[in-house]
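What follows is a pair of complexes built around subunit A, which joins subunit B in one and subunit C in the other.
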Partner chain A sequence: MKIAVLLKMVPDLVEELEVDSTGKALDTEELKFKLNEFDDHALEEALLLGGEEDEVVALALEGEGNEKLLFTALAKGASRAVQLTGVQPGGSGEQATAFAAALAESSFDLILTGVQSVDDREGQLGPLLAARMGLPCVSVVTGVSVTDGGATVNKEYSGGVMAEFEVTLPAVLGIQSAQQPPRYAPVSKVRQMQQTATIESLTVGGAGGGAESEVTAMAPPEVGASAKMLDDAAALLEVLRGEGVA
Partner chain B sequence: MSGVLVVCEHLSGEFADITFELLALANSLGAGDVSAVTFGSMAGKASELGSAACVIDAGCEDEYNPESYAAAVSTAVDAHSPDLILIGSTSMGMDIAAPVAAAHGLPLVAYCTTVEATNGGFACSSSLYGGKLGVSSQVSSPAVAMVLPGSCDGDAGRVAGSPAVNELAIPESAGKVRFNRLIEPEAGDVDITQSGVLVAIGRGIGSKDDIELVAELAELLDADLACSRPIVDAGWMEKSRQVGKSGFKVKPRVYIALGISGAPEHIEGMKNSATIIAINSDEDAPIFDVAHYGLTEDLFDVCEELVEELE
Partner chain C sequence: MGDHRYQEYVEKDDAVIDGIDVSGAWNRMWVPREVTEYDFTFLDRVTDLSGGESMGWCYECAECIGVCPVDNVGSYGPRKLYRKLQIGLDLFDHPDLWLCTTCRNCLRVCPKEVDMMQIMPAVREQAILNGNVPGELQEMLQNVAEYGNPMGESARKRMRWLKKFDEPVRDLSKEPGEVDVLWYVSDYFSYHPRGIDAAKAMVRVFNRLGVDFGVLGRNERCDGDSQRLCGETGLFEELAEHNHALFEQNPHERLVVSDPHAYNAFKNEYPKLTGTEYNVQHYTQFLAEKTEQLAGMFTGEFPRKVTFHDPCYLGRHNGEYEAPRTLIEAVPGIDFVEMFRCKEQGYCCGGGGGGMWLDGLTADHTFERLSENRVREAVDVGAEVLAVCCPYEVSRFEDAVKSTDNDGKLEVLDIIEILDSCLGDD
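Entry: the complex of A and B
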């Protein structure tokens, strides 16, 4: 079985986010990026599914930090890592078009990616990709097991309710969480990969992403009746006593 | 050749709240007649969708199916050529929006909190970056918008009436996705939807061992412990204690959020709590936008001091 995992860097939300001088985009100067946490779960699920006979291929678009990202995927156990070049960074629609072009050339059984990312204004990569490739897709998946020619997946609804589906392969799955927490790759092992392993390069055409929308402004959300800010724990205790819980 | 198409959601024979929220939004736009697409036997409950001018009965099985429901919505778009298609930014909506947009070459805007009709199109505002930024977009008509649950007043869309019901002839499904069964949540040791006071922890807790201190505080406050999704994904707490989109919707008397940034997925599950108290070291954390009281301090310092005082 051949499994593709699509990985993407996103702004680290722990850092302060600032809007650039155009007022329409993030100021990337000071921005720190990290692997989209859901993609980390997708990679983990792929590694859990992949046995010795199987191939797990990590793919990422060219971009800052993405080489390290791919070396980390190799350190975690991915069989191969591929960086897609020749693509202008754009929204999730363009990303989906680029990944679709890259994946069309290989015959993957399963394509896993994170269910969403913090910046996918144009929709989620998984279903956008599936639509371009004409493949079935299930989003918000928390468990995958592979059967003969198909996969059994659990999809999360709300309130802890899940639905189990059978999906004919090949298919795209948007992973919400892997069946166990994503594994950790020690820095030493990532360094070793950087020295010994190779990241393959694949040039894909800069095809457009189809109909798009235009960003007109970006700003912190307007706050309605915001919180009354307290000075210290003593003030908090007063509030708790006022609410009758302390 | 106009109007707004609302994709209804249901579970276990009842329309989901998002259905009425989308209807309320659709009616507020002044962008023509509102049609509502229903699935399975839900057209039989068309009288609950009185704020729609017409109900499109898309057939399909009662149980949601990503493939057949998306194909049915696509067929409805073909038949009605709406200017705007409103879909929930939900587990189901995620499967449907992209294939419908792709099939018709329409622009898609996700995570919308507001949508307004403008000259020749729509202005949308999306909540991105974990709720830390609002991004405004302009799309030309026709377009697909995915709307975050809780963005609109569902009560305004909950109008009884007798909309016309039109049956839609849908093509046979490709059958590549097949529904097996619903899996109800395993009962945990506590039902957090019934708790009067909840102490909820998020990513800010940092390590599993530190949960103990918060548990101590919860006990002193006679509260139950809850958490946001990353804590469950890390395997530190049971799913039965998860608050949010894929967890439980709670409305305790007092909700104390410790180290929870307040991503839209979490806010969806707790914003109806009577009193919300948020403690987070990041003063820009979106949780402070819904909290009634806030404290920007290290959560461990606060917990230790409270535990000391309460003991």
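Entry: the complex of A and C
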């Protein structure tokens, strides 16, 4: 079995986020990036699914910090790591086009990615990629088991409703959580990978992404007027009278 | 003569020798029995590791058990581990691997020099490489790897504690240049609310004394010693390289640290990697040399009954018992009392060797926290204040004061806070 995992760096929320001068994007100057948490789960699920014979390939678009990210994936147990070059980082549509071009070359049985990422919360990469490749897609996945020629997949709906799907492979899955918490990559292993392993590079043309959502404005949330604490029932009554309720 | 001599491989239920009945359990020990013929597979796995060798030197005298702080609140210690390894414990995948706080008390008494400070990191390193890391510890390691501090706080906010604090502090990341004292602030003094209280006290004391000091600011990273003892060797090396480069870039006469763990790292561990000797002092050592100057400057008193907890990494690991006591005794009006377990025999707070981030796991295998045990002792000697000089301890002991129902009876203060309180406003 061959499993692809798509990884992406997102702004790390330990830093204060600031909007840049265009008013449409985050100021990347002061940002620190980290692996999207859901992608970490996708990687973990892939590593749990992949046995001795299987191949787990981690893919990421070229970008700051992505080499370290891919070496970390190798340290955790991925068999290969591929960085896609020649793509302008854009929205989910452009990313889907780039990944589709990269994945078309080789025959994967499963393509896993995080259900969404903290930067746009769109959750569109999986579905758009599946559409581009003509594959089935299940998102919000919390469990995968591979069967003969297919996979049984658990999907979580709102209100805690769970559904079980049978999917034919190859398929694209948007992972919400792996069956175990993502494993730790010992620093010595990461360093060893940095010295001994290579990250393959694959050039994919900027083929455009189709319809994209466009950010028209970005602003920090407005701070609401603070709540007023009332001391006693009389004060409450006064407020209610003022509102014409009592 | 009976014929027992000729049948020594036969176990006898009844043994009568020369008419005397000597039947009893002991007569079955004439020949080796199965239970004394061990399968050494599991022990060998430990002793085969570089650093794990001394586990095999144990001759089961049990000296160590009486002094092991974890055995005091549960069942643990090198001899017990040795015995379990003989009868098939897979230490690489067992909670016993994470209970040792590397307090060094067993090594102090062990006639055979069985060294848990070597054994634990060696076995833990393999466990981590095999993916066996307790969840709470993994979170800490990930934070340190990602942000350079165990709390997972932004590295850029390492100097945020200086906000709304108008004492001068030279941040060498902004104002480079030579200083007499390069003060390594450490994680807890930078980020933990109670650590920040102590860090501010340190600044005030330094400034009153006219110390020419600077800090590394947002570039400073965790010293890595506890991570090393947790078995994360690669992370320790990365941090050591980072901090070493900063020490080289910022010329200074001496390195003064707030944290005994950092002291141990810079004094004993960094040199093995970098080949450099650091002129390092724990802050109590640096200030103890200035006791006379301090004494002449005290304007206030501290008229309270105070006891002192020796940090394992200043005391047993590095033999410094006097500097903190010199400072405490110099405080005007103080009534100093020792606890029974002090100096070489000091009890461990439970935070060393990764224990700081293993409270959940440890709680499952002990009947009370080490810090709780220690707090009870401080209350027993009648202390109103438990003085400490390790940044791990204030939060640990304050929690323990609450959980042992001693809230209001015992206050936990860093020595630097006590000194600062007697120095007045300028």
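Basically, the second predicted complex is superposed on the first by the 216 of 246 C-alpha atoms of A that agree within 3 Å, B and C clash if a C-alpha of one lies under 4 Å from a C-alpha of the other, contacts with A are read in each partner's own complex, and residues count from 1 in each chain.
In this section, a contact is a pair of C-beta atoms (placed from the backbone, for glycine too) under 8 Å apart; a residue touches a chain by one contact, two chains touch by 3 or more.
None of these values were measured; they are calculated from a predicted model.
Of the two partner chains placed around the shared chain by superposition, subunit B is the only one that A:V115 touches, whereas subunit C remains out of contact. Of the two partner chains placed by the overlay, only subunit B lies in contact with A:V245; subunit C stays clear of it.
Among subunit B and subunit C, the chain that touches a larger number of residues in subunit A is B.
In the superposed pair of complexes, A:K32 makes contact with subunit C only, with no contact to subunit B. By the touch criterion defined above, A:G123 reaches subunit B but does not reach subunit C. With both structures placed on the common chain, the touch criterion links A:S213 to subunit B but leaves subunit C unconnected. Using the contact criterion defined above for the overlaid structures, shared-chain residue A:A163 touches subunit B, although it does not reach subunit C.
In the superposed model, A:V187 makes contact with subunit C only, not with subunit B.
Of the residues of subunit A, those at positions 14, 181 touch subunit B in one of the two structures and subunit C in the other. By the touch criterion given at the top, residues 11, 13-14, 16-17, 19, 26, 37, 41, 93, 115-116, 118-124, 127-128, 130-132, 136-140, 152, 154-168, 171, 174, 176-177, 180-181, 210-224, 226-230, 232-237, 239-240, 243, 245-246 of subunit A touch subunit B in their complex. Contact residues of subunit C toward subunit A in the complex are 128-129, 131, 133, 135, 138, 141-142, 145-147, 152-154, 156, 232-235, 237-238.
Of all residues in subunit B, only 11, 63-67, 90-92, 94-95, 97-99, 101-103, 105-111, 113, 123-124, 126-139, 143, 146, 174-185, 197, 220-223, 229-230, 232-235, 239-240, 242, 245-249, 253-254, 261, 275-279, 282, 284, 286, 288-289, 291-297, 301-302, 305-306, 309-310 touch subunit A in the complex they form.
Chain contact summary for the complex, subunit A toward subunit C: residues 14-15, 30, 32, 34, 181, 183-184, 186-191.
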